[in-house]
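Each of the next two complexes has chain A plus one more chain, namely chain B in the first and chain C in the second.
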Partner chain A sequence: MSYLTQMLGLTVQNFLSAATGMAIVVALIRGFVRRSADGIGNFWVDMTRSTLYILLPLSLILAVLLASQGVVQTFDAYKTVPLLEPVTYEQPKLDAEGKPLTDTSGNPLTETLTAKEQVIAVGPAASQIAIKQLGTNGGGFFNVNSAHPLENATPFSNFLEMLAIVLIPAALCYTFGKMVGDTRQGWAILAAMTILFIGLLLPAEYSEWKGNPAFASLEVDQTASEAQAGGNMEGKEARFGIVSSALWATVTTAASNGSVNSMHDSFTPLGGLVPMWLMQLGEVVYGGVGSGLYGMLVFAIIAVFVAGPMIGRTPEYLGKKIEAFEMTMAGIAILITPLLVLVGTALAVSLTAGKATIFNPGAHGFSEVLYAFSSASNNNGSAFAGLGANNPFYNTALGIIMFLGRYWIAVPVLAIAGSLAAKKLVPSGLGTLPTHTPLFVVLLIGTVLMVGALNFIPALALGPVVEHLMMIGAR
Partner chain B sequence: MSKLIKPAIGLFGLLSVLTGIAYPLAVTGIARWVFPEQATGSLILADGHALGSALIGQPFNDPKYFWGRPSATSPFPYNAAASSGSNLGPLNPALLEAVGARVETIRRSDPSEARPIPANSIPVDLVTASGSGLDPHISPAGAEYQVNRVATARGLDAERVRKVVANHTEDRQFGILGEPRVNVLRLNLALDARR
Partner chain C sequence: MTDETAVISHPLPKTVWASLFDPTILRQAIGDSFKKLAPQYQWRNPVMFVVYLGSLLTTALYVQALGGQGEAPAGFILAVTLWLWVTLLFANFAESVAEGRAKAQAASLRRARGAVMAKRLHEPRQGASWSKVEGPLLRKGDVVLVEAGDLMPADGEVIEGVASVDESAITGESAPVIRESGGDFSAVTGGTRLLSDWLVVRIAVNPGEAFLDRMIAMVEAAKRQKTPNEIALTILLVALTLIFLFVTVTLLPFSAYSVEVMKAGAPVTTVLVALLGCLIPTTIGALLSAIGIAGMGRMMQKNVVAVSGRAVEAAGDVDVLLLDKTGTITLGNRHATAFLHAGGVAVKELADAAQLASLADETPEGRSVVVLAKHQFGLRGRDIHALGATSCRSVPTPG
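And now, the complex of A and B:
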């Protein structure tokens, strides 16, 4: 893609999709705040303000900081530099039409070539990376995203890019508390998200740090020390090591970002299970800009509904009664993506077209497909990149699922917002379940985990869990 | 209906110009002005010629050079126009075969092969492909492992080589972020300049 296409096509979309997420979440919050109202705000006003006052200034600062670390930002053509030591390599010989040539017995012909130069891809990367991280849009300027040294040059640029992913989604929890007039409500949501995040980060770090037991017989030293990161280094960069790589994988899938700084396909089975499950939970642990919070608020509605009958009262949240209509919509919102993921995966592994481009053999191959559908339907974008997804089958299947997963959740969420806004405020009484307490935080975490576990444990058992058992069994 | 569509198109046009053209141009202008070297690829210059990029690794096979991370880019390793990892799963037989072959190569290149080598002594980053295929760094352990070979190939004292390595070892950034690392291309350029 030309630099202009990247700028006009992708950078603009990066801004607008994040602004849209913010517009939807404030509409939902207004649903809680407004009483007997017939409106929940103006989309154009919210979107313009989000872009001009939040996204643009933050992006500008972040982009310049990234450039200071060595992230490229230039309109120059690709740079050509000499190789200190030329490298010889073999590649298939092609005829005039680009088809591989074969000798008389049908073996492919190869030619030996020598590369004396290196062509280094550059471009206006920093400006696009800044907004794709802040807007939790993901993807990358280069093929390997933020594993590329010119997209993520130093540990500090890595830290900034990770911080940018969770910055706005986490801050919106406070916005929520402010808008409903009780910041404790916002802190409770943020606490639930953070506890889930840390709880899932630790096993991912541990699993990657332990390394690959299959290397034990190969004289390889995987022990972490002052002189090396050790652990499972396949697909990881030396400057990031294990800690920053597993942390990034957790952050990028907790939020619906999806840019990577290491190759998730080469993670250990449990190290790969964590990012996969975080996406499957519905991207509500911080989540996307706006979409994370509205997803979590839907879970909060379900949590009070589950708890309501226990204390013998009609469930209410922030003074609004939760009734059959809200529950139906909340149910639809949390069940759309699991349905898309599971049906999509089942379809892909039953069809020849779906199985044809699986890259790794065995249980890991199933994980590749499950990861692809989890990522597409939850608007993540990271991948077990070995899976060949650039073909008619996966382009169509993942495209449809991405569209349904992203937009059809916004519909029930906005329906809840409109319905809540029209309701009267119920004064809280003795039977009201307070929603700013540790008890409610536990209840909320339990609801998220319960839904995620019931939906996905069978599928996860077929992929990463089986692979893990094979890995420790092979020792 | 046109009441809804008009502001949509107008706003989209306006925001496109602002975020798609003005914003990247502004960042490019500032970066060019304040961080001209970093923003254009961190090239290592000598007499006005680029010798490579400090952030993009290069392939090395010669015993007199330190070798970087294995690279999975095609058609040749460290192809900086097509970054790529191997994407091999941890139990993929192809991964175990590749790592085994790299262990074999790196051990055969070591002049001290005759002396007993402690079990499990090859630093993992020397035999596993990096995420980008362009990783400019190796771990200090990975450099230390190669000191003997490089010193022998260059007819230098191992301690002298070790000193050059130490000069090119970066600590964790701000003492806490990332991992200690050695820039392979800078190290090899420094060794060549010594002669």
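And now, the complex of A and C:
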């Protein structure tokens, strides 16, 4: 794509996607705040504000910081530079029609070539990266995404880019607390997200750090030392090593970002299970800009509803009664992820068109398909790249699922917002379940895990878990 | 109290509390739990209906396995099938027991009510001949004679006569009120008691429409409506059931794929049905209606009749109960139960003074003070005129 297409076309999408998420979450929060109201704000106003006051200033700052670290930002054409060491390689000879030539005995003919220069792709990358990270959009400027030195130059730029992914989704929790007039409510949601995040980050790190036990019998040294990072370095950028790669993988799938600095497909089975599961939880651990928080608030509504009958009270969240209509909409919202992911995966492994491009048949092939559908339905975009997804079947199926996954959930969320806004505020009393306590945080985490875990564990057991057992068995 | 709950002032007969293990109820419930396996009944509870379909499926698989074509050992399929059917039967049983207890309670309520006898007049005028009929048999338009000391058999309108009526059981007002034909004071309510004279009353309601009847119908769960929370909970349960249905149904192609690429094992079906039965919220789904009935039973034990399930929920949300009159929730006829004396005054002295002060008081409160003094200290009620008392004026005191 030309620089103009990138800057005009994709930038608009990058900004709007994030601004839309924020507009929806703000509408939902207004639903909690307003009493007996018949409106929850103007979408265009919220979108413009989000873009002007949040996304633009932040991406300006981030772009400049990234450029200072060496991330390229230029309109110049691709650079051709001489190689320090010319490379000699063999290449099959082709005839006029592009078919490989063979000698008389049928062996392919080759010619020896020497490359003395290479083309280095450049472009206005820093500004694009800033908004793609801040807006949790993913999609790199260069093909290898944030593993590319001109896209992610230094450890500090790596840190900045990771921080940018979770910055707005996490900060919106505070916005939520501020808007409902009780910041403790926001901290509780943030605490639940963070506990889930750390709880899943640690196994991913551990699994990658331990490496592949199959190598032990081959006498391959996988221990970390001065000379090497150790652990499972397949598919990882040597500049970042295990910790930064696994951390990035967790961050990018916890938020619905999808930019990568390592190859998720090459993670160990359990290391790869973590990013997959984070997406399947519905991208609520920080999650996308706005979408993470409204997804989490839907879970909070369900948590309150489950807890209400336990203490014999009509369930209320932030003074609004949770009734049949809200539960219907919350039910629809939590149905979406399992429906899209599981039915999509089931179709792919049943149809010939879907099975044709699974290049690693077996448990890992299944993991790849499951990852592809988890990623698409939760608007993530990262992939287990061993799956050949660029064909009519996967493009159509994943495209439809991406569309439904993003917009289907917005409809019930806005319906909840409208219904809550029309309700009166119930003053909290002795019997009200407080929603800012550690108890509620645990309850919320439990609800997220119950829905997420129970839904996907059977499928995960057939993919990554089988892989893991096979890997241990192969020792 | 909301309009939907009523408090019975007198304790209900002991027989109302049907025992949980009453053999008649249990026998009935066991029969009912099999009758309720009919599809049109199971359909009403979506969660259990899914279990029902699963049971039918594994039963079919078992029959297939008996024919030697089974996808798993016949014994295993049989075990899973039996568990699923037992789950269904237990759900039906719990509900039947709860219903049985509610019916027993309603029956004893009805017995208590049947005691009211009415004097139905053959002609709508005072002095006409009358015959005794049971209160519940009265129809709208019947004309009855009510005399001093009688209970009003049903709601109606006074067409002849003037009398004082004690309406404390309904309104809580302890002083008797006058009811007469014509005008604003002609309506009388069933359950009130005539204190003096007589009335000719035209009954205004059919049996089954009166307040007490609605209470009984409620207890019998005949008109049981789902409460708002119950509806919302059902929706959540249905959503979860749907999710887990997707989970298990999609496991079939997943396992088929695994079998295909691994060239080992066989796709599973019975296990999937068993997994579904474990995942979906069967326990709460099965017991939801039983819980609702039990909730009303609990309130019954506290002498509160819930007229709807909604009222049970509302009662759970009550923090403070404010009443503008005591009679609504108590007997209505306030009466003295003890003399509490301040220091320096003997109790008997207090009782004597209180009795003297209450002699001219014709309200139930006043009369009860006189009676209490007589009971506790043997102070006879004295004739107020014999004491030479005259109506007194307030005298301004100096200072």
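Please note the rule applied: the second predicted complex is superposed on the first by the 442 of 475 C-alpha atoms of A that agree within 3 Å, B and C clash if a C-alpha of one lies under 4 Å from a C-alpha of the other, contacts with A are read in each partner's own complex, and residues count from 1 in each chain.
Definition applied: a residue touches a chain if its C-beta (ideal position, glycine included) is under 8 Å from a C-beta of that chain, and two chains touch if they have at least 3 such contacts.
Quantities reported herein were computed from a predicted structural model and do not represent experimental measurements.
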Room on chain A for both chain B and chain C (clash or fit): fit
Partner chain in contact with A:58 - chain B first, chain C second, else both or neither: neither
Partner chain(s) touched by A:27 [first = chain B, second = chain C, both, neither]: neither
Partner chain(s) touched by A:154 [first = chain B, second = chain C, both, neither]: first
Of chain B and chain C, the chain that contacts the larger number of chain A residues: B
For chain A as apex, the angle formed with chain B and chain C - C-alpha centres, to the nearest 10 degrees: 160
Contacts of A:339 with chain B and chain C, given as first, second, both or neither: second
Which of chain B and chain C A:362 touches, first, second, both or neither: both
Touched partner set for A:315, first chain B, second chain C, both or neither: second
Partner chain in contact with A:118 - chain B first, chain C second, else both or neither: first
Minimum distance between Cα atoms of chain B and chain C in the superposition (Å): 15
Footprint overlap on chain A, comparing chain B with chain C: 361-362
Chain A contact footprint on chain C (complex, rising order): 228-229, 231-233, 235-236, 238-239, 242-244, 246-258, 261-262, 275, 279, 313, 316-317, 319
Residue numbers on chain A that touch chain B, as the complex places them: 7-9, 11-12, 14-16, 44, 47-48, 51, 56, 59-60, 63-64, 67-76, 78-79, 81-85, 87, 89, 91, 113, 115, 118-122, 124, 126-128, 130-131, 142-144, 147-150, 153-156, 158-159, 211-212, 214-216, 218-222, 225-241, 243-245, 260-263, 265-269, 359-362, 364, 367, 384-386, 467, 470-471, 474
Residue ranges of chain B in contact with chain A within the complex: 7-8, 11-12, 15-16, 18-21, 23-24, 26-28, 30-32, 34-35, 38-43, 50-62, 65, 69, 75-93, 95-96, 99-100, 103, 107, 117, 119-125, 127-142, 144, 172-174, 177-181, 185, 188-189, 192
Touching residues (chain side chain A, partner chain C) in the complex: 302, 305-306, 308-309, 312-315, 322-324, 326-328, 330-332, 334-335, 338-339, 342-343, 345-347, 349-350, 355, 361-363, 365-366, 429-431, 451, 454-456, 458-459, 462, 466
